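In order of appearance the chains are A, B, C and D, and numbering begins at 1 in each one.
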Amino acid sequence: MTSTAPAWERVQLARKPERPHSLAYINMLISGFVELHGDRRFSDDPSIVSGIGSFNGRTVMVIGHQKGTNTKENLDRNFGMPGPDGYRKALRTFHHAEKFGFPLICFIDTPGADPGLSSEERGQATAIAENLLALSSLKIPTVGVVIGEGGSGGALAISVTDRLLMLENAVYAVASPEACAAILWKDASAAPEAAEALKLTAQNLYEFEIIDEIIPEPEPAHEASDEAILRTGKTIERHLTEIESIVSDQGIEHLLELRYQKYRNIGAWVDQQEAVISGDSPDLARQNGQTAN
Amino acid sequence: MPDFFRRKPTFNREDAEHSDGPVVPDGLWVKCTSCKDLVYSKDFERWYRVCPKCDHHARLTATQRLNYLLDSGSFEEWDRGIVTADPLHFSANGDAYHEKVQQASQKSGQPESLVTGRGRIQGYDAVVAATEFAFLGASMGSAFGEKFVRAVEKAVELRLPFISISNSGGARMHESTFSLMQMAKTTAALSRLGEHKLPHVSILTDPCYGGVTASYATVADIIIAEPGAMIGFAGPRVIEQITRQKLPAGFQTAEFLLKHGMIDMVCRRSDLPETIALLLLHYADATMGRHTPGYAHASTGKEGDA
Amino acid sequence: MTSTAPAWERVQLARKPERPHSLAYINMLISGFVELHGDRRFSDDPSIVSGIGSFNGRTVMVIGHQKGTNTKENLDRNFGMPGPDGYRKALRTFHHAEKFGFPLICFIDTPGADPGLSSEERGQATAIAENLLALSSLKIPTVGVVIGEGGSGGALAISVTDRLLMLENAVYAVASPEACAAILWKDASAAPEAAEALKLTAQNLYEFEIIDEIIPEPEPAHEASDEAILRTGKTIERHLTEIESIVSDQGIEHLLELRYQKYRNIGAWVDQQEAVISGDSPDLARQNGQTAN
Amino acid sequence: MPDFFRRKPTFNREDAEHSDGPVVPDGLWVKCTSCKDLVYSKDFERWYRVCPKCDHHARLTATQRLNYLLDSGSFEEWDRGIVTADPLHFSANGDAYHEKVQQASQKSGQPESLVTGRGRIQGYDAVVAATEFAFLGASMGSAFGEKFVRAVEKAVELRLPFISISNSGGARMHESTFSLMQMAKTTAALSRLGEHKLPHVSILTDPCYGGVTASYATVADIIIAEPGAMIGFAGPRVIEQITRQKLPAGFQTAEFLLKHGMIDMVCRRSDLPETIALLLLHYADATMGRHTPGYAHASTGKEGDA
């Protein structure tokens, strides 16, 4: 797989049922994992797994979207599309981790949040929004990894982390190429073009400075699962160690400031009134490297 | 009860005709899009574009919204120069995003889908952000997010409450992940607002969906919706298409959300200024950093310059 | 009404439909009250009212059980018996008040928590427990008033406050006299005896130091509603002012310590091993003033 | 995986016959109360009083529970002298409460319905509190509350995790509002435990209702239930009587609660010690005040004397 493979090919790879899903990562990377269930409100949503375990010697809490590897599993897991109960289970885990000072690791792999009637009734939008709010001020180190599909707000709700990593063949976009094609091309079969236009590959997002590192897949993860997972583990470890150093050297408030600035600075806009390239710093100007029309 | 709770609203309608809504010269009739009845245009204006026959709350432009909501002449707009930079050089089916933006700008009279600034509501200073639906369905792109966050940060600096008035189709697909990340960006800013004990009052109007509903618009101390407004995460058509579920009558209306516990109240447009002003009076205790008794203190809160 | 009226008579008075309920207190005592709705999770429970307003010049948040005054209202309000959604609405209000530093006033008036199937499904027990936990560490002044029926855990869930007041004809017990009679007398018609045995009157609970003050009803509140409400307002004001002084003089942590000790010290037990009257202090010994068997 | 995650359980069964459960001398048969099958008593004991045929988890006394859960000889009981003082001089229908307490004490061999102390679970030190159902249905009176709070306060002092094992009929009516207030008292103590970053693991066993379920037992970092345990706020009979609702099969079982999101897991009795030990290992990072890497650190946590 070269880094110039077309976006649509990446989308297909990211969706491969044989690709390792969150529990595969957890089982290999987290020692003594204990899965914790339920939102304490309404149900236990199987499309989100969450729990506590040991990552390279430190206790962490882990959350992941969980897709199935076959049709039955996918029906049980709702194809990895959480409802509000899933996001509230995650929210409970956020606060649990924060209470005890455990770092949080999130595995992102969802086509999107569940679009059903009952999810709307129980406040799908509110549930996602509350998670974004909680993550933005969680007083613990947080690392997210897009391991497959990063689909829209349903992915974002567990991905607003100090470091956001992405496997080489993972994708992350505001909408599925099919949905985008249906709306903007008026033709769902234009999905490959939409995928290209959405600039949803790890390479794209690294260039946009939306993600922090690409985890290479010399062979696609569905063909070399163990290697992909171990490589991911090493990359998480490196980032987590860096974040832990920041906390021990400069305090948790500094980490929160960095996290705030990280998301504060994402965006591409110009200030026509000032007629200059926007941004608060040279770094930011590069990120928002667009000229005024 | 102290008298000033019952102060008469002093709406300003003088700029209404500058809006891009259906222009209705004096003496003509307009057709309500809901009950299809003809309404005398002066009545329609007097009732804040609410149908006097069926109570349908017609959509407002950002300008109309602010004119109705804010005290006359009190609005000071911020960051009007901030516009999108088309980070993806997005083009769909031959339609270039930057051209769509230009068209939207011409159609709506706004350079972006969010208008921000400072104004007064029945004497109470506040920072306000109002969406412009005529600009690409008030979708949330980079410029929207940047303007929103700057307004929130300015509210923190000025120690003012923050009022958002939203309708939106959701994310701006042409900016893809940049658009998605505005959900995180706007919400993080509100987290800071809250740490400074400044309230966010969110007003949801028709229609409000997707990324906006799933981020800043529901991260609020008080959530108010206009009657009949359609509000949700996924749109009804998408839900029906994907799940083949039959949706119940009244699904996703403001009243449905109230019943399901998602909003604090449904408030008619004509009652909004008074309701918000009353809330701002109550929050003045926190905004002004005083938790001790004294209306005298609270009323100085109207200046908002502590 | 003399203070020696039989307990069962008090129970009847406490339940009078014409007795002022929470909204009557709110309407008279809270200026510019704005009712806030919903638990942001599942529903808006009409058996709990909650909102923000001004009490003698300061902003407060208010929560109350709400009974109806006639059958239709009672059906709408579920007879003032909250489900988990009602307790979660209250929980949201607790945190809202704490965020802005507003004192919290709670009006207690319920036969008990709703005992229905759907309440169990959504975690009635968990909802009550989470409220007890939240109230115990809420960093704001809190005052509760039992205005009518204080029924069991359903009442407790909004009554764990810095000061707990009680109207003269209100009652507060671990179970309704009927339920207690059915279980211990094997005969629900023994309710009057059970009421006596449960020692559920304001006078009893003041002697036990479980409540802080009795608000007199020279005439029963259902016959002199305005007077009862205004008297209640004055009593709340006095206690709230005292608590506010504690906070401004000694800090909120001291208030939390006092609140902890208040509930920590409720109980009547003996330590047979020490063979002395139990208690950590002379004060406590008086409270737990029982001798070893 | 490090090996020690798979350490073999070392249960202590030697004191089992001191319990007040069905005494089953070697070589005899006992009848499972669920499937009515005869089970060889040695099997019944070997399987921690779980029926090997239908997996029914029979009730345990506090003593049996602690014997099964804790490392042999590790339990140090606290506050055994604390008993109720009958604050209401309660008597129902001629039955005096203080007499009922005496009977309950004789029947159960316990002076109160809660046993507290310190012990080790697979090497991990913890404070434990276990209910005794044979003592007035393990209802929560003043002595129960006092013992519980003392144990929690001691956990804070010793910086040890706190494990509660509960079944209960709920409140102790004979102590009325004193009993009710124990819900607030026990929960407030757990709030302090949490402020000190010490975990509470709550184990719900059959049957667990009322004031216990609605207070400390569900205020926990981890909630574990035994298979088939009946858990709820109101009992099924009360619900049917009051609401005339037909209750679905499996209503209020541990599995029902898991499905409805109220508990973290259903755990077979035989797996409990290992599961709790694993959790305590994980929490040692917080308990010991260390958030940095190092199994070496965590394993010293077993001494629990930091």
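One rule holds in what follows: contacts are C-beta pairs under 8 Å (C-beta built on N, C-alpha and C of every residue); 3 or more make two chains touch, one makes a residue touch a chain.
Just so it is clear, the structure is predicted and the values come from calculations on it, not from any experiment.
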The pair out of A-D and C-D sharing more C-beta contacts is C-D
Express in whole angstrom the distance between the two chain centres, defined as the mean CA positions of chain A and chain C. 45
List the centre-to-centre spacing of chain A and chain D in whole Å, with centres computed as mean CA coordinates. 39
Between chain C and chain D, centroid-to-centroid distance (C-alpha), Å: 29
Measuring centre to centre with CA averages, how many angstrom lie between chain B and chain D? 52
Note: chain C residues in touch with at least two other chains are 40-42, 122-123, 126, 130
Among all residues of chain B, which ones touch two or more of the remaining chains? 260-262
Touching pairs among all chains present in the structure: A-B, A-C, A-D, B-C, C-D
For chain B, which residues count as touching chain C in their complex? 1-2, 5, 194, 197, 199, 221-222, 258-265, 275, 278-279, 281-286, 291-295, 298
Spell out the residues on chain B that touch chain A in their complex, using ranges where they run on. 79-88, 90-93, 95, 98, 111, 142-143, 145-146, 149, 171-185, 187-192, 195, 210-211, 213-219, 231-234, 238-239, 242-243, 245, 247-248, 251-252, 260-262
For the chain A and chain D complex, residues of the former touching the latter: 31-32, 34-45, 52-54, 56-59, 85, 89, 96, 99-103, 244, 248
Quick check: in the complex, which residue numbers of chain C touch chain D? 113, 115-117, 119-126, 128-130, 132-133, 135-137, 152-153, 156-157, 160, 172-175, 180, 183-186, 190, 193-194, 197-200, 205, 208, 210, 259-260, 263-264, 266-274, 278, 288, 290-293
Under the definition above, what is the set of chain A residues touching chain C in their complex? 40-42, 84, 88, 122-123, 126, 130
